[in-house]
Every structure is written in C-alpha cells, then in structure tokens.
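Note that chain A is present in both complexes that follow, paired respectively with chain B and with chain C.
And now, the complex of A and B:
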C-alpha cells in the first residue's frame, strides 16, 4: 500500500474489491525466522514442503542448511486471513466501474444500498484478495518460538482492540 | 484469481498478509464496492496512518502492522520478504473526530461538523462524516447547539470535561478486557507474593489502570493524555516539575488586542506547549516505575526488540 508517489497518496484511495473476499482459494503460509530479500516466485513445494517432518517437539525442516522447528498457529476466532495483491492497470478498471453503476439500477434485489456518490476516482488504485487462510506455520531457528514470541502477542491484539474501541454507555 | 500470481521471472507484485474480522467476508457478499484503504491522520501523533473504510456498513477499521526483524513469508509457491502481518480491527471514529474538534476548539466557538472535519493534508477525512450515529457519538465529547430558526444544522464545541468522563469509561472497559484476556500488566512478580497471606497486592489494580491509560493514550494527543492521567489520579511524582508560570502570567497580562497578529500568537503558544510536554509529570512518574512487565501496543507491532538470530 505504500507508494513513493509523494503527495498523491494522501488523497488516493486503494479500493479493496469485495468480490475477491468471498471465496478465495486456501493458501499455505510459512513465517520464517530469516529475511529473504526478494519478492518472487519460489519452488516451495519442491524444496521446502516435502522436507517437513513431524518430530518429537513439533515440525522440523531445514532451510539453507539451518534447522528450523515450527508449529501450526491458528488465526484467532472471529478473524479470517487473506493474502492481498495490488492490481495493475487501474485506469481501465476505473472506467469499467461506470458500466457497473448502470447495472446497479436494474438489480434491485441488492440488500445493501450502494453509496450514492462516486467513491472511485481516476487516480485511485485497486487491491484484491488472492487467497485466504485460517492458520499458518510459525518457524523458529532450532526451537519453536515460545509463548513470549511477539507474533503471539500481536495475535491477542484484536480482542484488546475490540474493548478499546467499543462504544461506551451514555450517562 | 489464482493464488500467487506468477510473473515468470524477477520480482512479482507485492503480497500483503492480512487478518480481518470475519463479518467483513459476509458483508462483502452483498456489496460491489465501498471497501477502501485511505490515509487519515493518526490522532495521537498527527502523522498519516492507513485506515480501512466499509462504506456499506458503514464502519471504520484501523490497520496495524506486525513487524519484526529477520522474517519472511512463504506464500504458496512464492517468497515475500519482511514477514509483515497486517491487522484490520474496528476503530471508534470518535478518536479521529476528537482530533479535529480539539483543533477547531482554538477558535472557541460552536461550529457545524463539516466545518470542523476539514483537512488539506488528508482530504479523505470527509468520509468520517458518512459514518452512522455521529450525533450520538459526539454527545460524549461536545456541547451542541441547534438554531431551529435558521436551519436544522447542529453546531458543536469541544468539551474537555465531557471528554475526560468519556475517556474514563474507555479506560474502565479496557481494564476489564485486560483482566479477561489475562494480559500481564504488573511489574515483576516477586516471590514473596506466593508465600504471603494476601495473594492480590493492593497496587495491582493500579497497574491495570496505568496500562489501560497507556493503551488509550495511543489514540489521543499528548496533552489530553496528561489531563486524563490527572483525572484518573494516577500517582504524581514526588518532585513534580514546576510549570513555568512566568509565561502564562505574561500572556494574560497582555492586552487582548495584542499587536501581534493572531496566527503568530497561536504558533508561538503551540511551540511552548510542545516544549513543556516533552516529558510531563505523569511520564516522569512512569519512568521511575519498573516497567519490565509492561507492554504497549508498540511492543506488539514495532521492531524495537532485535532478536539475536543469525543469518541463515
């Protein structure tokens, strides 16, 4: 979502396509205890996944010759995981939306009323969910990340946030 | 909609790993558009932050990012550096409205909301005006006036008294959540606690208040956080920093029709406030407290802690 376009970003809206949230394919996710400095396709299913073993204390695998220990971490209840990817060619998609607006008039069975004014502008961008998950595998170097691991702390945040942002009763 | 869009060779599109409330998935079934990420002001720091709007519900979500050194994702048949985990959690829009109400309060008069929520830097703030039940929300933090003879528009003015009352309720409900979630808020557990007669020490409640106050303070400006700490009677430091009274006296001594133009006066005033609030009384008190067991939101998401993991 970050961009180097400077000023424009503060006006820009990045639209998340609701249709992509409905039923994206499940995804296999691993959180590794090391930084791989590129974003690109990798033959995970050829080298990594087939090497995972169930050991006496959790899952075992090795990556670049180092031994990793891990376990499945389930997404907290009430939450759902998505992998989102930005779309390219936003101008075309923006125009497509006008025709969608026309269709809206005919489709009256829609339960929620669409916001009346145009929320999408020419310079906006679009993002969509490409996959969903309900758990991921958390890996540590040589040992499973313990209960104090910061990822685990972060996963308790949504329940705390709910209390901070819940409406308070009026006097 | 294939998972992991491959670009053949080289770098591919950035992938973001998100956790969002399940009901967003259900809501998405009934909508074609209206979900969007926008940059708005962070009500604590005044800087930019990313939020998610659902214009159909309508509802505001805050985006927080978990970030720790030396992490990456394997996402199906691809690698994504950084290992970031984004959280979208519902946010009380009143914290953001408060930012604008406090800013507008310098003019000291009742104003309609669309004149209060204006921002050259973050123009998307007008989306806040579309959220439901704003009038009900604003009652917690403002005085309001209606002039039925001219129009039905409501005019609002920030009320510090009401806001502090509202924030106290927020602190209380956050404390309750901390207790049910068993968040470790206390200072170091001492072995005597296991052997002495009273298992719950008296200052434990205080730890919860202080922790909850810290969490809420991430959503309000520094000055208000200090006022709240006084309001909650969080312990003052024994040697409190004497507020420089000279400045204030001087200001009130000056005639109301100051020779300087008003804007100049404003910026000057702001500067002194900022200087004074570098480390306030409450903060100094906190600095003396053993914070070894305390965490703030940042500890979940920031990357302060560098774990010693060798390069693999």
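And now, the complex of A and C:
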C-alpha cells in the first residue's frame, strides 16, 4: 500500500527536544521583504542593526542598496515565538551528552528500567529551539508593511484555529 | 568646512551653507551650479552652488578660481579658504547625497535615475538660494545629460532667471568653477572622514580614487563583500561594478517585486501545483496570509 517514498519519510521521525523550549534566550529578529537563497549565519549586528534609523514614518534601513521601512510586530498573546534549528550529525552527539548531564537522575532511572525499543534512533532528525521571541521587526520594501501585511494576517490563524477546533457544547 | 552634521548621519542627504552675504539680497547675482563625485562607486555625490553680485564677479575672478579638476587638493582648499574670507560678497550652499541615498533611489521600485536625481538636487539648491532672498539674475550650470533639455527645464522652473546650461561650464564661468571647488572640497573631506555605519573592524581605507576603473577601488570592493549584506553603505550598490561583483561573490536575493519568471522566485508558487494531480489550492484565507502546511521539514 505505502509507497517506498512514504516509508523513507516515515522511518525518519522528527523529534522535538522539549528541554530546549524551557528557557531559550530571547533574540531580535528581522523579517525582510526578500529571500536570501541560502541558509547561513550572517553578521546582522555588524551590517544591519547599526544602520537602523528612526524615521518620521517608522524604522528605516537599507539592504543591498534597497530602502526598507519597518515596524515592530508583537506575537499574539498566549503564543511564544521560537527559532527552531535542526541538529546536525556532530552537534547531535554533543547535545546528547549535554542533556545527560542535565538530567542525570532521569537518565539513571531509565537505564535501570531498561527501555524498550528506543523512540529516538540514530537516523532520526531532531529539532530544538535555539532562541525565543515575543516580537520581531517586519520590513517592507520602501513602505511600512502596515496592518494589511501578510504576516500580520498569518498571526491571526492560531486564534481562528483554536476557535474552529474548540469543542461545541451539546445543547 | 564643517561636515559634522553629515558625520552624525550619513545615510541620507545633508544641506550645508554659508551665511548669505547681505549684498546678495540687494543686488542682482550670478549663481553657478556644479557637482563632484558623480562617477565614483564609493562615497557621496556633492552638489554645490556658489553666488555673488554681478558687480563683484571680477573680484571672484581675481581669486583665480578654476575648474576644480585642474587644481590640486591643496590649491582647492586654499581657494575655498579665500572664498570664505570673501564671505561679505560670496555665498555658497551644498547638498551632500550619501551613497545610500543614491543606491536606494536608483534601485527603487520606481527607478529614480542619477540624471533626475542630479537635476532635482540642482533645482533644489537654486530654489534654496531664492528662498534665502538671494537676488538670482543669472544661473550657470555644468550640464548633466543633454544641455538643451536641461536648460529648458530649468528655464521653465525659474522664469525670472536667465539660465545657461553648458558642457564644461566649470571651466568657462568662474562662478561655476567656484561651485565646483566647493563641491570637490566637500566631497574629498566627506570621503576622507567617512564614518562607516557598519561596525567593521580593521577596515582598510585604502580604496584608491573610488572610480570604478581604478584597480585599487575594484580590489577594495572585492575584499569587502559580505555574502549576505553585500557591501558597506559607503558603496553605491547601483553601480554596475558593484552589481557584477555581487553577482559573482554574494548570495542571490529574490525581492518581492523581482519575480519576473525567475526560476527561484517561482518555486514557492509552483509548489502549489506540482504536488500531483490531486493537489488543490489552499483556501484563499491561507493564500492571502502566505500560510502553507508544513508537511516536510
């Protein structure tokens, strides 16, 4: 029944490291009106943040010679923003050692109980929060994104989702 | 020349001016317009006006002002000092356009080219002199682009003034030479004391003339590329030299207004259609908000 593709994906479970959600450091985020076609660290603190100015109609900066106008967007109440990062091979080992150190007692207990088939396998993928945020700076190309910005609309989805999935009392 | 206002914020434009000599508010004046730093890929472009009463033009000529390009830096500084000493009949004003302003103008959604930017800046400076009460009778301008249309535009804008736009006006008319000296002195000083907005350490400021064909300038540009941010704001991103270095050495960027059939730009939209024959477009609610379900990580 299942295609081989599906099996390959099923085999690689994605695990969330709950411990990373506990207390990740707050971080400043900028959402740009463009896509940088690569995923890599960038010296934001050297090039970008020092160039931000408070203009008459919001924040001003430029990126790659193009003018941006920005404003703060607050994460809706009841929600927390996380920066999620996938652990890479080498990092994985380090992280495991780290969590063992933290949760010494738990680990020992588990070892005594002798776990059944482990939920986390070598070939699984792991994501964890590396930072958290309660607001971010939204940048528009030459104009303030304003109340109609797509991201602002997207942030209304969690409350709508909660409403439409809520249990309707049987009358 | 005090450029401290520019040093406080060099991301936009900055107007500097001498006090207006009182005689210039009483007698008909001649006013020259010129620019410095139009060609370089680095640093600001400076527009300057210089004016004096027609009756004192001979005194301005006596200073032996000449086209700033034919003078050494120290000669220009000395002549500018002389003009300041003659502040009782010579006035000047300038507009420093930061490289960031030039880049963002030229790379805007609606392109604002360098000629229009130059014309508008020159017009703004003449208007500034009029607003200050200077009795402008004649205006001489070193041309940018074809002189005829430029002259027509300026003449229309300032009907009460006799406008002359000419190529090499900076060599022909002493008042334009004087303006060119003001502009060049300001440009040189601005470049020399440029405060980089970026927090870059050990920045090597040996960037040559700043002209795109200077090998030293090119080498400096190549050395100072950041793969994500490109260059410091000192660089005019809109120059071809800067653009071609970015194309080779920096990451590609897709802007929200640049998706004109570019493969990368279309990828996300295409993904709506390419998930097999049964794939449906998500509800408008999700499309309008840019929301997609995360079925794969």
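What we mean here is this: the second predicted complex is superposed on the first by the 126 of 171 C-alpha atoms of A that agree within 3 Å, B and C clash if a C-alpha of one lies under 4 Å from a C-alpha of the other, contacts with A are read in each partner's own complex, and residues count from 1 in each chain.
Everything below uses one rule, namely that contacts are C-beta pairs under 8 Å (C-beta built on N, C-alpha and C of every residue); 3 or more make two chains touch, one makes a residue touch a chain.
This one's a predicted model, so the numbers in the text were calculated from it and none came from an experiment.
Visitor: Identify the partner contact of A:64: answer first if only chain B is touched, second if only chain C is, both if each is, neither if none is.
Guide: In the superposed model, A:64 contacts both chain B and chain C.
Visitor: Could you look at A:150 and tell me whether it touches chain B, chain C, both or neither (first, second, both, neither)?
Guide: After superposing on A, A:150 lies in contact with both chain B and chain C.
Visitor: Once chain A of both complexes is superposed, is A:169 in touch with chain B (first), chain C (second), both, or neither?
Guide: In the superposed model, A:169 contacts chain B only, not chain C.
Visitor: Examine A:21 and indicate which partner it touches, taking first as chain B and second as chain C; both and neither are also allowed.
Guide: In the superposition, A:21 contacts chain B only.
Visitor: Regarding the shared-chain residue A:50, is it in contact with chain B (first), chain C (second), both, or neither?
Guide: The second partner, chain C, only.
Visitor: Which one hits more chain A residues, chain B or chain C?
Guide: B
Visitor: Determine, under the contact definition given at the top, whether A:37 touches first (chain B), second (chain C), both, or neither.
Guide: Both chain B and chain C are touched by A:37.
Visitor: What part of chain A is shared between its chain B contacts and its chain C contacts?
Guide: After superposing on chain A, chain A residues 9, 14, 33-38, 40, 42-43, 45, 48, 63-66, 86, 127, 141, 150-151, 153-154, 156-157 contact both chain B and chain C.
Visitor: Tell me, which parts of chain C touch chain A in their complex?
Guide: Where chain C meets chain A, its residues are 9, 11, 100, 103-104, 106-109, 197-200, 226-230, 232-233, 236-238, 242, 246, 251-257, 264, 286, 288-291, 296-297.
Visitor: Within the complex, which stretch of chain A touches chain B?
Guide: Listed in rising order, the residues of chain A that touch chain B are 1, 9-22, 24-45, 48, 63-66, 75-76, 78-86, 88, 97, 100, 104, 110-115, 119-120, 124, 127-131, 141, 150-151, 153-154, 156-171.
Visitor: Can you tell me which positions in chain A touch chain C when the two form their complex?
Guide: Per the touch definition, chain A meets chain C at residues 9, 14, 33-38, 40, 42-43, 45-48, 50-51, 53, 60, 62-67, 86, 125, 127, 141-142, 150-151, 153-154, 156-157.
Visitor: For chain B, which residues are in contact with chain A within the complex?
Guide: Those residues of chain B that touch chain A are 1-22, 24-25, 27-39, 48, 50, 52, 55-56, 58, 62, 64, 66, 68-83, 85, 87, 89-92, 121-124, 130, 136-137, 139-140, 165-166, 169-170, 173-174, 176-178, 181, 183, 215-216, 219, 295, 297, 299-301, 305, 309-312.
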